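Below you will find the structure I want to go over with you.
Each chain carries a letter (A, B, C, D, E and F) given by its place in the written order, and its residues are counted from 1.
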Amino acid sequence: MDKSMMGDIDAMPEEDKMRMSTMIDQLQVRDSLRMYNSLVERCFVDCVDTFRRKSLDKQEESCIRRCAEKFLKHSMRVGMRFAELNQGTATPDT
Amino acid sequence: MAANNAQAAAQAAFEKDQMFGMAANEMEYRVDLFNRLTQTCFNKCIEKRYKEAELNMGENSCIDRCVSKYWQVTNLVGQLLGSNRPPM
Amino acid sequence: MDKSMMGDIDAMPEEDKMRMSTMIDQLQVRDSLRMYNSLVERCFVDCVDTFRRKSLDKQEESCIRRCAEKFLKHSMRVGMRFAELNQGTATPDT
Amino acid sequence: MAANNAQAAAQAAFEKDQMFGMAANEMEYRVDLFNRLTQTCFNKCIEKRYKEAELNMGENSCIDRCVSKYWQVTNLVGQLLGSNRPPM
Amino acid sequence: MDKSMMGDIDAMPEEDKMRMSTMIDQLQVRDSLRMYNSLVERCFVDCVDTFRRKSLDKQEESCIRRCAEKFLKHSMRVGMRFAELNQGTATPDT
Amino acid sequence: MAANNAQAAAQAAFEKDQMFGMAANEMEYRVDLFNRLTQTCFNKCIEKRYKEAELNMGENSCIDRCVSKYWQVTNLVGQLLGSNRPPM
């Protein structure tokens, strides 16, 4: 989500701009907290399967690290491709 | 006169609330679309044993095509639903 | 979601009616946008499984069309049955 | 006196906000119930290869019974949770 | 969700306290309605698989009861453990 | 002067709205975390045939360890995301 999606925000009176900007900020915070929760859930589900101890073992911990890192890289790549499609700059079929 | 002004102000405040509500809906829609696309293409393209933290070449090209196809499906379903607005 | 669910809406003062009606409209818009997103996700998941090209092939496209159409018909039927149960007009067990 | 009036007005506005908040919660609950019911019965009843766009006879009767049973489960769980409100 | 999570709520002016408390109440109502819906969905998915009749049979009904009861007990236990971790009183690894 | 007062009041109301919005976000985050944790550990630990309504000993200890490990994953992912706030 980026602020540029509200194209006409510049034309607003000062107080509305402030309100809109606050609203966008709060939606972004909410969105990133949800993303955090869903990332934790996904990596936990994929990496943790035994419950014989209370603490993560080494293998689980490194699985979690790779999962989170991989998801973030994936998410960034999706964001780039998505932005290209939004702007109509995507390349023809390959 | 004063009452008229107050009424007009209330009406203006109401319309502004409406506009902000619509903008919030629009933003939530885009975030929801992006999140579903991200989750779906992760499920379709990423090897779940997480042997390494990097995306490999196969995963990268799968992601690009997945995003592209998902976009097309969004447009196609939009047409079927009779909305002639683009997904964005 | 239909507006009739707020039974006492007629008894409200004019300005509250307007506010309630706007609230209902916005929840409906939000709901239908979510439905749109979830329909896209469902049909994509069920119909698209190969990523050798950037574009949908004929088979995937017709699967998507049937999936979306079928889901909408299903959703309408569920809505009818649901309304009957809400009004207590459902028929006895068969 | 003026202060009293202002306080009463603030109180009234507050109670109105509360009422609208409750109505919004109620509506969200119903939409959420309907959406989960729709998704769940689709998963239980619909053949996923999508050979045709029409619902066939078996799917139609499955849907009717699925909605009916889902409704009963909603009531049953409501009783167990000690809420004596009907689901709607 | 408990009200104690807003630590400084006591320091607020009276009207803000009231507003905060209403907001928390409404989020709690929303949360418990969602929990109700998700419990119904889960137990339905796990317990109901045949659609030859319109009504739950005895076996399905008792499955639903046990499912719901079990989920509630599970949820309470998770809540207790979660609270301990929040307060740093969890016991060392076992 | 009056205009200044009105402006200051509007500013104060705006900041208060902002504070309430932040508090609502924070609460939603915690509820979301708790719900995902509850659902995930139910899926990992509970036998789905529901032969009885009680949690057995194996399920109970599985739940305790599941919550503990989920908590650790929350902290670990929080560190990776560069947030130095604890999950709560």
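Following the convention adopted for this analysis, contacts are C-beta pairs under 8 Å (C-beta built on N, C-alpha and C of every residue); 3 or more make two chains touch, one makes a residue touch a chain.
Which protein is which chain? UniProt says A, B, C, D, E, F = Mitochondrial import inner membrane translocase subunit.
Since this is a predicted model, take the numbers as computed values, not measurements.
Colleague: Find the chain most remote from chain F, comparing centres computed as mean CA coordinates.
Modeller: Between chain F and every other chain, the largest centroid distance is to C.
Colleague: With chain centres set to the mean of the C-alpha atoms, which chain is at the far end from chain B?
Modeller: It is E.
Colleague: How big is the rotation, 0 to 180°, that puts the C-alpha atoms of chain A on those of chain E, in steps of 5?
Modeller: 120
Colleague: Which whole number of Å gives the spacing of the CA centres of chain A and chain B?
Modeller: 12
Colleague: Taking each chain's centre as the mean position of its Cα atoms, how many Å separate chain B from chain F?
Modeller: From the centre of chain B to the centre of chain F is 24 Å.
Colleague: So how far apart, in whole Å, are chain D and chain E when each is placed at the average of its C-alpha atoms?
Modeller: It comes to 17 Å between the two C-alpha centres.
Colleague: Find every residue in chain C that makes contact with two or more other chains and list them.
Modeller: 19, 34, 38, 47, 53-55, 65, 69
Colleague: Any chance you could list the residues of chain B touching two or more other chains?
Modeller: Residues 28, 45, 64, 68 of chain B touch two or more partner chains.
Colleague: Help me check something: in the complex, which residues belonging to chain F touch chain E?
Modeller: So the residues of chain F touching chain E come out as 16, 20, 23-24, 26-28, 30-31, 34-35, 37-39, 41-42, 45-46, 48, 50-55, 59-60, 63-64, 67-68, 71, 88.
Colleague: In their complex, what parts of chain C are in touch with chain D?
Modeller: Against chain D, chain C makes touches at 1, 5-6, 16, 19-20, 23-24, 27, 31, 34-35, 38, 42, 46-47, 63, 65-67, 69-71, 73-75, 77-79, 81-82, 85-86, 90.
Colleague: List the residues on chain B that touch chain C in their complex, please.
Modeller: 10, 14, 17-18, 21-22, 25, 28-29, 32-33, 36, 40, 43-45, 61-62, 64-66, 68-70, 72-74, 76-78, 80-81, 83
Colleague: Looking at the complex, which residues from chain E come into contact with chain D?
Modeller: Residues 15, 18-19, 22, 26, 29-30, 33-34, 36-41, 43-45, 47-49, 51-56, 60-61, 64-65, 68-69, 72 of chain E touch chain D in their complex.
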